[in-house]
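Once you scroll down, you'll see the structures, which are given as structure tokens.
What follows is chain A paired twice: with chain B in the first complex and chain C in the second.
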Partner chain A sequence: MNILEQVQEIFRDVFDEKTLVITETTSAKDIEDWDSLTHIQLVTKIEKHFKIRFTVSEVTKLKQVGDLIKLIESKTT
Partner chain B sequence: MNDLLKQLLELKPQNEEYTELLKWSRRIDKQGLIIENGPKIKVAVCGSRNTQFFTKILQVFLMNQGFQVSLYEGEYDSIRYEILNPQSDLYRFQPEILILLPNTSDITRYPALLDSSKYVDDLVEETAAYYRSLWDTVLTQNPCVILQANFVLPLENALDQLEINVPYSKTVFLTKLNLALMDKPKQVHLIDENGLSSEIGKSKWFDPANTFLNKAPYAYEYLPQTVWIYLRKIMSLRGTYRKVLVLDLDNTLWGGVIGDDGVEGIQLDPNNAVGEAYLSFQSSILSLKEKGVILAVCSKNEESNAKLGFTHPNMRLKIQDIACFIANWNDKASNLRTIAERLNVKTDALVFFDDNPAERLIVKQFCPEVEVIDVPEDPSFYSSALYHAHAFDWPQITKEDLLRIKAVEGDLERENLKTQFVDYEAYLKSLEMSAVAGRIGTAQIERFVQLTNKSNQFNLRTLRVSEADVIEMMKDDNCACISVDLSDRFSPYGIIACTILKKQGSNAFIENWVMSCRVLNRGVESLTLDLLIQQTKVWGCDRLIGEYIPSLKNEMVSQHYLKMGFTLIKENTYELELKSTQPLESHITLKETL
Partner chain C sequence: MISLNSLIFTGVLFLAPFLLSIKSKYRNWIFLLINLSLILISMSSVLSAIITFAWILIPYFLSSKLKKAHLLIGALVLGFIYLNRYDWIISSLGIPYLFTFKLLGLSYILFRQIDFVLNRSSMDQKNINLVHYLNYLLSFYTILAGPILKYEAFVEDLKDPQDPKEIDVLSVLHRVFNGYIKIFVLSALCSSISISIYRQLLTHFDVLSFIGLTITNALFIYFNFSGYCDVMIGMGKLSGFKIDENFNKPYLAQDLSDFWSRWHMTLTQWLTNYVFNPIVVIFARTEKLSLEKVQVIAFFITFLVAGLWHGTTLNFLIYGILQGFGVSLSKVINDYRIKRLGGRKAFRAHRQKPLVKAIEITLTLSYVALSFLFFSFDVLALLGM
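Let's turn to the complex of A and B:
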């Protein structure tokens, strides 16, 4: 699974929607439940899954899935 | 029942990740899940830290216990506002439980460097007084139970090692403040978050990123464990807690197998690391027994062999410490049922400790209501496994808990005595029973609440009360809370019967009547009724009305009022005309009236 697919699994889990499909341009306005609370859960799950830690500034700047993928790539390679 | 609801009830939330519990919270909201016939509970949460996730997870925990939950969450940093404003939403909500989650950041005044010990103590007192005044305000406005977190001592401190060497450090100040908060009304219970943070490890507990991002001072990862303490407190205050520790013998209390190795062969050598581990586990068990936990043995052994183990000179547990001893070759699930029956408790009061995973599995499967401890392979970790399960997290320790141990031991002597008499009345007389009874005072409140909430079988209306409720009832002239404190020649029992009587015009209504099953058929029933009659006369009422509300567990008392001479007036409702009553006789001497 590539990073996007792995992230998609996490999104599906957090939003409890087995068929959810995300792309690099998906952002909070595309997913009804993506609010500040679910955002924290996404971050926790992603940090745990990829064994990385985002800085406070990174967390606050994350706007769409593409940003997330880029960050994960930079931290895992 | 809805599948999702069923899954929710089977969940073990304390073992789930916080993200999973939040998912559950969203499912509950989206599907409008509700446990329609569950007992109702109203809880409010106010904090000076982020309480959103805490509250959501609390809802999952409470629903998991079968409650019909209604929750109120105060705004961020709202403790002072909600409490001091009599028109606040908090009071409109009328919680029965209020959870207060302060934060060390609330404390704006710390001692200055070089301040004297005296000055530090004054400041501690001033700060504690602020919280006491908040509690008093709540308890006047809205009588309820308050659960308040203590202050979590920070890990990083400017004074470093000096922190514990000088009186003016933050560490000393906060430690003293936590202690000062112990001076509190009965309705307030402190929750040891500081202790939890140590159990988890403070360097893991504190999460600076979470502090700045979410105004939550600790890592969300530990929310399930945190909420679990509050849940345990709520459950135990409602009378749901475990009372009996059931122990296996071979490789649990000693190393080796008594049947094969004999007394000389089992490992209990204080000079051997393994032997020492078993002995230390026995000491932990004894300290639980001291606080009132009842001990039982359930072992696959010949009974004579099993008991032989207790003759080992190094055994710290003695055979007299065991209130119920079962050694046979039956399966342990049925043996646990026998133990519960003999000790007069429900199987959900049992905690099972056995080194054999196969036995644990059987019990988990056939008695899911029993708490089964996950016993580690190494006996060195037995004590910590037992403590970390928090199976005996009791809301209070009453005199009765300690007396119960003596009474259980006295049971054997009483049984022996019974066989000497053919006539039951003569036996009762020989017990030389005496009682202190009447309307309760402050000293009896704690036990009154405990017995009322934990009695399931001898309980006429299964009414549950909080300390706040009882304090309110004691102030009410049209209400009487009556208790009976019993002793016999073998042991004191403490308070074993409680009733609430309410004046309703020319009737006195028995709001509730509970009794400990340990003293069934000893005459306490008649003595209690006599007290109810006297109170009814004091009020100038003509009749006593009693009601029986059937529950899953109180079949035992379905005919209680008929037996006591009441007449049925409509389904489950009975009356007793005072003018037609005869003085009731019992073999209990009333020593003193409260």
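Let's turn to the complex of A and C:
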């Protein structure tokens, strides 16, 4: 699985939607339940899954799936 | 009510578009000159000027040296408690005050400084310079009461101001004019009514007048603050600045977290980023508490900070606790309703029904309006406590 697919699994888990499909341009506008709390759930699940840590300013800047994936890439390589 | 300073300020407000709606390398310097002049005329003594500029400049230079920003932010918060005179903290610790003045717009300056210091290391280093920093902290459009912009967004906007030809000047002026009506007519009227009801209530308490007080006070706060933002956002736009919206029909909110996403929106965003999120992330990483519990803790701390930031008396502490309690309660109730209705989709549809909507709006607004009493009046004295 590439990073996007792995992230998609985490999204499906957090939003409890088995068929949810995300792309690089998906943002909070596209998913109605993506609020500040689910955002944190996403972040902490991703941290755990990829064994990485985000900083406060990174957490706040993550608005789009694309940004998220870029950041994961930069932290895992 | 109208002082020389506020006359000068209004003059500058209407003169600024002619000076600033230009794309030139001098624009930032002109802006800085205006901001510094306005700060300086508000100063009462040389000492206050020295302290103000020390407060503003030291974090700028220190933050370039520090790897971890947290220590500096801790120091800023402590300094803020002292400079802003949190009497119930300072006096109970027996610390003497060395001077008597209060720094103009300090609460807002603090939150902007924290935004800058926290993000400094991770942002585009080309965006960092002292002129931008000073304009960001002291922008006369936002120094007194927000909206609270983010440093990076502010600088990006400075680099690429909106072309004045693209602005619909008439509709902007319309908004500014409405803003002035909100401040000087509607809010002034509601304010004077609420004050006279309050006086009457102090001698003789009756429920009907109390309801009247609650309503007029809520209207006063809304008209005053949103009117101010209308004026500033509109006038800023005429000078080519993009200032974030701060209100989105807040009194039509259907629950308290909905309310906070519509009221003083830039403050809510700031608190979400720098108080709520870090708390939740830290607790969630430990995996010791359920996310629901973590959320309640984070709500309480966040609104405690919000309350205390708004004012230095214990009334604001109560206000913060009320908000923390209200938001937590509405979250718990909504989670229960989601379960009962069989999912978020059904819940959302249910809330669109006119009757449900009307009840939710009324309940939310009542709670908000009651808690806003702590903003304007000594409620405890009113209740005979």
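The working rule: the second predicted complex is superposed on the first by the 77 of 77 C-alpha atoms of A that agree within 3 Å, B and C clash if a C-alpha of one lies under 4 Å from a C-alpha of the other, contacts with A are read in each partner's own complex, and residues count from 1 in each chain.
Basically, contacts are C-beta pairs under 8 Å (C-beta built on N, C-alpha and C of every residue); 3 or more make two chains touch, one makes a residue touch a chain.
Just so it is clear, the model here is predicted, and its values are computed rather than measured.
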{"item": "First (chain B), second (chain C), both or neither touched by A:Ile40", "value": "both"}
{"item": "Partner chain in contact with A:Glu58 - chain B first, chain C second, else both or neither", "value": "second"}
{"item": "Overlap of chain C and chain B interfaces on chain A (superposed complexes)", "value": "33, 37, 40-41, 44, 55-56, 59-60"}
{"item": "In the complex with chain C, residue positions of chain A that touch it", "value": "32-33, 36-37, 39-41, 43-44, 47, 54-60"}
{"item": "Of chain A, residues touching chain B in the complex", "value": "13-14, 16, 33, 37-38, 40-41, 44-45, 55-56, 59-60"}
{"item": "List of chain B residues in touch with chain A within their complex", "value": "18-19, 22-23, 26-27, 52-53, 209, 212-214, 220-221"}
{"item": "Touching residues (chain side chain C, partner chain A) in the complex", "value": "118-119, 122, 272-274, 276-278, 280-281, 284-285, 291, 295, 344, 348"}
